[in-house]
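Got a structure here, written out as structure tokens. Questions coming.
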Amino acid sequence: MSYFEVKNLVKKFGGLTAVNDVSFSIEKGKIFGLIGPNGSGKTTIFNCINHYYPLSGGKIYFKEKRIDKLPTYEICKLGIGRTFQIVKPLRRMTTLENVMSGAFLKTSNITKAKDKALEVLDFCDLFRHRHFPAKGLTIANKKRLEIARALATEPELLLLDEVAAGLNPKETETAMEIIQKIRSSGITILIVEHVMKVMMGISDRIMVINFGKEIARGTPQEIVNNQEVIKAYLGESYAQGK
Amino acid sequence: MSLFWQTLICGLLLGGMYALIAIGMTLIMGVMKIINLAHGALVMVGMYVTYVCFHYWGIDPYAALFISMPALFFLGCLIQKYSINTLIGKESILPENQVLLTVGIMLVLTETMRMIFGSDYKSVHTSYTGSSFFVGDVSVSIPMAIGFVIAMVFTYALHIFLTKSDIGRSIRATAQDKEAAILMGVNANKITIITFGLGSALAAGGGTLLIPIYYLFPDIGHAFVAKSFIITILGGMGSTMGALFGGLTLGIAESFGATYISMGLKDVVGFVIFIIVLLFLPGGFKSLTKR
Amino acid sequence: MLKKFWFLSIIIIIAIILPFIVQSSYYQHIFILILIWGTLGVAWNLLGGYTGQVSFGHAAFFGLGAYGAGLLAFHLHISPWWGMIVGPVAAVIISIPIGLICFRLRGPYFALAMLAVGEICRLIFTEWVPFTNGAMGILTLTTFSSKLPYYYIGLVVLLLSIYTVYRLMASRAGYYFVSIREDQDTAESLGIPTTKYKMYSLIPSAFFSGLAGAFYMNYMNYIEPSIVFSLPDVSIMIIMVVILGGVATLWGPVVGAIIYVVLSELFRSSLGSAHLLVFGVIVCLVIMYMPNGVMGEANKIKKLFRRKGTHIGSEMT
């Protein structure tokens, strides 16, 4: 069995099927990318993995343990950290306190948590903002704070939800560097991203979904040449014309 | 068996009047997304207005509706405009800032009335207060029957207003999606003011209809605020028809609780229903029909 | 840090010698009321201010504490001072199922469920006459003729509650409480078992509310359900006191209690029942213009002068 595996995941909201029978697995230490047009169900898959929503069907395994029935905080304790697409900073806490709240997962000692948090802040290039209240950070810094907070829980698998969306090219560059650094520290990554450049540059394997269903899977090279993918992104006529 | 029917009718009539109060609250909740804890106090103020009309000027309570409701509409608009709306965009630690402000307003209204009228019980005694008519062997109190009919007329009129008029449609649009409504050119600020006024007017209407039945004292508002919550939660937030249904349900439940359990524990029945519905039917009874 | 220590020492010394300076038993009565309201405020603030779980039903715990003491005297004819143990323990025991049920709800729905809990307690204690003596209430005999012992017991209770909150907020639990207040979903995703930590916040809160209740019973020697379980006079007034003083500040509830009690005594003698009206107006103005209360805004004003980021956020301490 794989390191992390999603089997036949189904999520329905009332009559709407947001995710329909999606399966994939991730090897330890790799970056797995998930792409798809708006509303195709990417974030819903994330929310199912960390049990923000209950599943309508399917199973999720992490390190050979079934996790789809566990509450959100247990999943985090097992070593799956996540960021939110729509950033959710702990607004009236400082950047440092935000990250410390994550670091407390592994220690109950204030000094140790603080040291860990400062280390992570340095890693994510947020060190100089450590005393600012999180609500006052720029969007780029808030996105990095999301990553820093998740890293402070010392995850083995990190779910990154559109960490580059809405950033300028320079900021996107920094975000990509951070992701690469995370990877080289041995953390497995599942990433959802709209910015194609980011996805193609860093992913080992990519899965494309549309209307909640898988339409393609492979290396970044295979994906850019896939007819189905071009159709989903650019429309039927464009795909045929090519 | 006649006790059963008596209890049912009594609960139904009472419930209709509760519903009118609760519709006011559900309207405010739907548009502003806040819980208005001053709602019971507004009912109380409406009752005092009617009391003054009757006691000093000899105006019949039902005719006083035309004074108490506009008066409270005006008061509600003022409260919304000069206090609650000023909080929009203000940062505070407790997210329920506006709700807490309504608590302060409740305190102010209650204590103002206490200062003017004192704490003692008042009542409005009309020629028809104690009278009743019989349907079979069930006696129906006349003021309750009239109150019920007027409450239903108002509910229907409000329903027409919300579905047919421009302002009504704007209110419904703001309740559904404030951001979108603003983008469509709705003046959300004005709508919240009108909604609060309307909610207050309905509270006053309900209070006025209940005045021949209830004793009046400044703290009576607490009972109504609790009842309105229960009804709103039963009926689902922001739903007029839900509130009507919730009101009738609560009236009947209380009435049966009083007859078959104990007079003092009838309110416990309401609260227990309240917590159960909060926990298991977060959308109110409406969510049952949707499934 | 050193400055803080001196400041604290001076306050405590003043509190200890105060009844020797002010010997009028009327003023001492006011001090004792401040201590009771302060304890209640500190207890509510832990759950409502720091953890963000606004409760409209804390009268339930206050009343249970008071009746815990009163019923001992009523049924077993032993000293109601034993209630200082039994009362808070009873409040904690009841708080556990209440918490497990009500913490499934969020924000205003939690607040309303707690309101219902408080009212249910009041109605049950009014109706269950054989056990509680109903609306007639419970009357006990005065233990001390002097106010001094009451003053010092109340002071110990208040300082104990402040110290407990201080220690909690300086630990991991404190960070978790504030995280839950700021964003419950984020907190869950950081591995914080939110329901468990809400319970960790509720239990001390219920304990000290109960302790304040038991002390109130011993001091006033008379309780009835409509006093100790009152929605407007206890549950809501606690919230008003804390808002006035400063939500999520350590000393805010005490400042709020001083303002509330002094104000109500001041107006009680001159304006009759108008004290609540004046208090209500002040609370409205505070919410509108000083949304974080006296202590909350004091920090902000101080920060303007210091112009340096205070460590470990102003909201935490």
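Annotations
Note that the chains take the letters A, B and C in the order they are written out, and that residue 1 is the start of every chain.
Definition applied: contacts are C-beta pairs under 8 Å (C-beta built on N, C-alpha and C of every residue); 3 or more make two chains touch, one makes a residue touch a chain.
Values in this document were obtained by computation on a predicted structure and should not be read as measured data.
Chain centres were defined as the mean of their Cα atoms; on that basis the chain farthest from chain A turns out to be B.
Here C is the chain whose Cα centre lies closest to the centre of all protein Cα atoms. Our note on geometry: chain A versus chain C, Cα centroid distance of 43 Å, whole angstroms. As a whole-number value, the distance joining the C-alpha centres of chain A and chain B reads 47 Å. Note: centroid distance chain B to chain C, computed from Cα atoms, is 31 Å.
Touching of two or more other chains is recorded for residues 93 of chain B. Counting partner chains per residue, chain C shows two or more touched chains at residues 315.
For chain A, the set of residues that touch two or more other chains comprises 92. Of all the residues in chain C, the ones that touch chain A in their complex are 170-172, 175-176, 178-179, 182-183, 185-194, 309-313, 315-316. Residues 48-49, 52, 54, 101-102, 104-105, 107-109, 111-113, 115-117, 119-120, 123-124, 126-127, 181, 231-232, 236, 239-240, 243, 247-248, 273-274, 276-277, 279-281, 283-284, 287-288, 291-292, 296, 315 of chain C are the ones that touch chain B when the two sit in their complex.
Residue ranges of chain B in contact with chain C, taken from their complex: 34-35, 83, 86-87, 90-97, 99-101, 103-105, 107-108, 110-112, 114-115, 119, 219, 222, 226, 229, 233, 262, 264-265, 267-268, 271-272, 274-275, 278-279, 282.
Those residues of chain A whose C-beta lies close enough to touch chain C in the complex are 50, 52, 71-73, 76-77, 81-82, 84, 88-94, 97, 100-102, 104-105, 108, 110, 113, 131-133, 149-150, 153.
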